[in-house]
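Below is one structure; the comments refer to it alone.
Labels run A, B, C and D following the written order; every chain starts at residue 1.
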Amino acid sequence: MKTDQKNFVQKKDIEGPSAPQESRWQEFWRLLRRNRLAVAGLVIFVAFFFIALAGLVLTSGTSPVFDPAMVRLQEKLRPPLSAPRVEDLRPEEIPTLGIYLLGTDDLGRDVFSRMLQGAWVSSTVGFVAVGIAVLIGIVMGGIAGYFGQNHVRFNQIFVTIALLAGAGLLMAGIIVLGIVFLVVGITGAALSRQWKRGLLKGRLKPWDKVFFARTISIDTLIMRLVDIMLCFPVFFLILTVVALLPASMYNIMIVIGLTSWMGTTRFVRAELLSLREQDFVTAAKALGVKDWRIIFRHMIPNAMAPVLVSATIGIASAILIEAGLSFLGFGVPPPHATWGNILSDGKRFIFDAPWLTFIPGFAILIVVLAFNLFGEGLRDILNPKLRERY
Amino acid sequence: MLLVQDLKVYFVSDSTVARALDGVSYEVRTGETVCLVGESGCGKTVSALTILGILPQPPAQVRGGKVLFEGQNLLDLDEKELQKIRGNRIAMVFQEPMTSLNPVFTIGDQISEAIMIHEKGGEREIRKRCIKLLQDVGIPSPEERLKDYPHQLSGGQRQRAMIAMALACNPDVVIADEPTTALDVTIQAQILNLFRELKQKRRMSLLYITHDLGVVATIADRIYVMYAGVIVEQGDTAHIFHDPRHPYTQGLLASLPTRTKRGGALHTIPGTVPDPAYKPAGCPFHPRCQFAIDNCRSQFPGMCDYGEGHLSRCPVLYERARPPHGAA
Amino acid sequence: MTVRRILIGAPIVLIIFLLQSYFWVPTYEQQSKGNPQRLTEYITASSGDAAILNPILSADSASSDIESMVFEGLIDYDEELRFRGRLATSWEIYEEAFFYVNEETAIPQVGKADASKIVELLKRAKTGDIAIDVTVKASLDNIREIAIIPSRTFTVTRGENKAKFKIHVSAPARIKLVLNEVDQDLFQNLSRILGKGYFSSFDGRSYLRVDHDVGEMKRAEYAREILPAIEHNPIVVFRLRPNVQFHDGHLFDAHDVKFTYEAIMDPKNLSPRMADYEPVKSVEVVAPLTVRICYKRLYSPALGTWGMGILPEHLLNDEALKAEAIERGKDPEKFTMRQSSFNRHPVGCGPFVFQEWKSDQYIMLDRFADYWEGTPNYRRYVYRIIPDPLTQEMEFYAGTVDMYNVQPHQVERLKHDPTYQNFSGLSFGYTYIGYNMRREPFNDRKVRKALGMAIDVDKIIRYVLYGQGERITGPFVKQTDYYNHRIKPITYDPAGALRLLAEAGWRRNKEGWLEKDGKRLQFTLITNSGNDLRKAVLAIAQDAWRQIGIDCRTDLLEWAVFIQERVDKADFDAVVLGWSMGIEPDLYQMWHSSQANPYQLNFVAFENKEADDLIIKIRQEYDHEQQVAYCHHLHEIIAREQPYTFLYVRKWTAVLDKRIVIKETDAEGNVVYKKITPTKTGTYTFHFNKWIKLPVAPVFSAEG
Amino acid sequence: MLSFIGRSIIQKIITLFFVMVVSFLIIHLAPGEPSQVDPLNPKFTPEMVERFREAFHLDKPLHVQFVYFYRDLFTGKTVSWKDNEPVLKKIGERFLNSLPLFIVGTILTWTLAFPIGIRSAIARGGVYDRSATFVSYLLYSIPGFFFAYILILVVVNTFHVPVIGMKTFGFGDVSVLHTVMDRVWHLLLPSVLGATVGIAVLSRYVRSQMLEVESQDYVRTAKAKGLPSEQVHYKHALRNALLPFVTMFGLILPGLIGGSVIIESIFSWPGMGRMAFEAILARDYPIILSVNFISAVLVLIGTFISDLLYMVVDPRIHL
């Protein structure tokens, strides 16, 4: 093992050769390369991303290159790599590549183009759902972690309820009561702003103390909200909402997103609670940095490690959840194809056309596995406690 | 009693090989207190862990040398046999009292556990021994302390508990890895006195690892000075303190703030300890040595004997101080 | 260390315990061969569990499967779809007609006449004294008796938005005619004798006095209701089969029939069957085994409704319900039949006795030894609930289920499988695309026809249904003679469709989409999720219409949202749906223009004067040929108007284990095995009580 | 301690109240209403639908319905609209069906996951660790029903043994032992299927948690004391790593309610999951709300127990 020795001798201020400076990214790649599974995961992750991109480009638009919705009934349930019976096909019905790469489904639609579209749709469902979950998680976690201590004052609750009720009644058409509530809400808001600026010094009568009394702390408020969300068995919450909202790709994303932010909130809150004790935060406060800037500029980047990990694994489980929903009949509605609904449509033909089940099944398996392995590798690298230590 | 011969331990990661121990040899005779001195990162803790065989193997690899304990090479023993020796014949006290005790078990559990593993004994009988041990290490009202959890004790008391745990099966050798560094000075003195009393009472040998020369002076019989994974000087405490023969030892002693040098600027050794993976060729100290000559840069120096067990790995000074005091 | 050993040992022990149970479970071969009892058990599977095992309360198909085994109706359809007697041995239909004597108007050649004079006039006409043409003569010959009901006064209470009040009626004399057969043209013929305006000029208002001032309009309505000028009361008299027992040994008699009717009409029970029995005026027990049912008005499907299972009166009458309420600690006043535990342990007089019901697992029935038609061959009937179609199929292959409803794509494969016998027939429901005729392009008949021409339905049948379906052109059941076979289905002709659309003003714009005065032809086709065939039709229709330039969007909705939010509220453009029909040709609820407001079944808003009165006529026509003629004419109108694009009626296919045969003892008493053959309408379970499974599949001689 | 118990009980009750209100609103505001009547059968008339609405108090304003419903629920009188069965009896019955699945699944998951996780944490990066990671993520990534179908096909084709449902039909009357063993056999596939996914996920958590603890100093002290490696890992290290699992344990109780809709419908196992799913489709409000209420209570009990367990597991925490 040749050690490159830069031995130079200068008199007194001699600096022995030290390790070459590694940027954070180089170090990240070095650690990642050691975990071969994570690298494989990353490669598939990137490949899937490009397939999805290709899927978006090739299958959307009025006359797409690969038309996933082209119905050719006479070409029904053809095995993969089979040549189309050109004689009874109209010119525009002949598949673009000349053969059915992955065969056709029960309506004669080319499975290859549906898988392409599925890749794009499934990945968008995954990314957007996790995007929503992570966003809400960070905001709620941030607030609970950082502002946990100070308490919600009674007047704040009173004002918000009054305004909400006022707006609600107005919408519901009960004008008079709506206006009354709004007026009460606005005066309450004005009163509390004055109190905040301390103008009401002397005039605080006993019942005022009650009005501005502290109720519960923000942290308990948010944590109880998380408990409420956890009380609903996740799958039922998704099922109930998906079954009852007009089914569309976007509803599914929103629903999966809205029911999986609790995990991220807990991560971020735990990280922030420990970070808040660190000196660099108190130092930043001492420098007069504003609260929001401390949270989002200093603390959240530190909390990103667990969030990033749960995001990658979140995308994987979002795809799985979508597949489960399609099995129960509530997945993304036609004409969009997702790997989940190709699989669940194909399950009826497991004896007659097994490729309709196995191709999407293994596709989901490989991609979700890749996401998980990459996520696991990420967790090992980004988690300072797990770093290699002498 | 305990002999370490030419121990080589390297830490291999995919791009670099860090040579933590580059052929270290030292010896702890029965009843003797030997001090291993060196700046942090010079490999003294690694050598202690290697003796007990609890060095995490994936990154570390023992590349050579022997660790002889009563004639047996510990490196050849398998896990089962090593477990019989650890805690029973060789015990260790660690540096961080705050984290070295298991927070979820009571002090009593953790001490009696050490006894139960190596010796049979009834429940009550072990409890009595624990109480006696806590008294030996000077913890007040030991019965209550037994039931306490580590976070309920102060730093000093926790270190005393660690020592009690180490002495549970009255081992032949106790390795103390900078036990007092994390404590403040007053407690440090008490712990050092404790070590001295225990040594007299229990006829055990002590391998004391530290970077603090003040502590070495008060407790050590013999001293090994380590630098960058190599023993650069060894000898009796008197020799090392009064007649240092290696530029690094001289530098260390010169930078000690003693009453006599009040007000003057303290002497410092320029530069920093080399990274074990990128050690300079020849004598590892040569970039920071004021007596360095070309030879030092290329040739790895051997040990020069100044008599009475006082050796130093610096031929340059050896040449200069030709007539050794009293040696042949 | 104990912790590690426990963490590894415990699960391994558990898994070993689970695995060793494999050796106790009989393999499929052992089940069918080694276990003789299995041969005497008929096991069928359904995807959904039954809800209420009570014929007058249940609404789902699973419950009606079980009820058809446990309960027995008065009559049912034989192999040629003609009525045959079950609990009833015979029945007789005749009619009683009434009309009020209208003293004011003069009768030609007679002048004003009171009741006795009219009777005497009719008698003379009957004996041929008065010159009358042949149809009137036929009507008069059909009259068996003529009687006079003297005039009387009575009071009736009526409620008008919460206000109760009395109406005092002094009814004039009334003539009662008893006819041998139901004759709906009776009063037209009589009016030839009594004068054109005799019946229509009768005005009930002059005979009644209302306490509460309700206004003229309301008074006329009450008058029509209390004192109708003419009234047809068809009467059905059933003679019941003697010593038929319920499963608990209690003898069946006419009171049970009367009780079943009253239970249906009792509003507390919320029975879904109420619409069938609303036209019934009264049910009287004439003798222990004869029951007389009188109807308020002409109602031809009357006989068909009495195929309904009869409830045991002694278990469900008020005393029994009150006793049960008290015994179960419930409040007797509010306790109705719906809460009774009878619904989970039904007792009827059908071929099978209820044994056990583990909800969402299985329902087990054992044969009823002293069933009136003879003990069924099968000892036990098990109704398993397997929600997943795929596992149902595998259980059938494994032999733990005897019958399997084959999906279209499997018919080819299973038809030629030697180990199974298969049956198929046309189902009673059809699938269609319905257009909301209240909204723009769909109110134009040409557009609707063109949309139908653009879809190649034959291709759908050949590829989506694998040939397991037939074209259909109208709303009647194809096997019955009400279906007009002369009408040909629409041929697939996209060019013709474009021509029709061009006539209607829709031309292709430059991008190829059809446009009419600037607005693109764009709409949404919706159906319910969970039905694969309708999902396929959705995709095919969208693709077909896109070829000719129609921008069709699709949407798949969950069932309850689809029906209650979109179909019931008529908030849709076009919908892919299906009807499940009965044999009766009564289409009032689906095609009559009065049934087009929200929550009613004519959601496509089909309004056609001619069709409306045809529908009313069909409901009142007792003469079969005449009824068929009306149906054919109605079928023609609907086919011409194309409110629906009628797609297909599905052919169902069921496969049965080949070893199941019909076992009968012929005259000499030796056992004869016959192959199971389906009836004309395709029901293969007609002789279910005679089925049995043999250890080895028998080989039948040529005659099969 | 007592103040903590008092405070958390009050908080939990308030949370429960919110859950009751929110779930009630979600279901009632969503489109679609229960209808006992098959709308596509021409015989059913709109008046019938109207009459059912009154019977179910659906025509009353929401808050009145809310009071009606929860009054019935607490007095045990609520009745499922689908078949007039008292809800608590029906849930109880289904609970007993789901219980064996849940127990076997939990036992397998919470025992096997730890040794696997710990072993891969000890030999980090070694062959065992990499293969265990790969296999557990493989099991986790397979879409549930896809895996179930393959498993069923394999077992049915190779062993020719019935697998579906809770017991074999057409079995005739055999000894009690046979029937018991037959029930056990039917329990095998669905519970093992559920457990594999559970083990996969939990062992990954155990691994990352143990890795964090293994690098602590007191583990090194334990080794220095000469303890056998099992005791070092399973006693010293594991005890410290237990904390997050205690919270997770608190959350698996509702798993009993959730069960797995997919596994239960494929194996036609009449468990809680399937009942709730069918109730949602049939808009059977009493069942949905009761199941939701019970699962909320279980979650709150679970979290309460795990809070208490915190103190047992980690003496440093005192509430």
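In this text, contacts are C-beta pairs under 8 Å (C-beta built on N, C-alpha and C of every residue); 3 or more make two chains touch, one makes a residue touch a chain.
Predicted, not measured: the structure shown is a model, and the values here were computed from it.
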| item | value |
| --- | --- |
| Intersection of the contact lists for chain A and chain B | D |
| Pair joined by more contacting C-beta pairs (A-D or A-C) | A-D |
| Most central chain, judged by mean C-alpha position against the global CA mean | D |
| Rounded Å distance, chain A centre to chain D centre (Cα mean) | 24 |
| Averaged-CA centre spacing for the pair chain C and chain A, given as whole angstrom | 51 |
| Distance from the mean Cα position of chain D to that of chain B, given in whole angstrom | 54 |
| Gap in Å, rounded to a whole number, between the CA centres of chain C and chain B | 96 |
| Residue numbers of chain A (touch at least two other chains) | 34, 243-244, 347, 350 |
| Residues within chain D bordering two or more other chains | 31-32, 125, 149, 153, 228, 231, 265, 281 |
| Interchain contacts, given as pairs of chains that touch | A-B, A-C, A-D, B-D, C-D |
| Residue ranges of chain A in contact with chain D within the complex | 34-37, 220, 224, 227-228, 230-236, 239-241, 243-245, 316, 320, 323-324, 327-328, 340, 343-344, 347, 350, 357, 361, 364-365, 368-369, 372-373, 376, 379-380, 383, 385-386, 389 |
| Interfacial residue positions of chain C with respect to chain D in the complex | 1, 3-4, 6-8, 10-11, 14-15, 17-19, 21-22, 24-29, 31-32, 35, 37-38, 41, 43, 50-52, 59-60, 267, 270, 272-276, 338-339, 343-344, 358-362, 382, 384-388, 390-391, 394-395, 398, 400-401, 558-561, 563-565, 567-568, 577-582, 587, 589-590, 599-601 |
| Touching residues (chain side chain B, partner chain A) in the complex | 11, 13-18, 20, 46, 59, 270-272, 274-275, 277-281, 286-288, 292, 297 |
| Chain B-facing residues of chain D, complex | 124-126, 216-218, 220-229, 231, 236, 239-240, 313-316 |
| Chain A to chain B touching residues, read off their complex | 1, 3, 5, 7, 9, 12-19, 30, 33-34, 388, 390 |
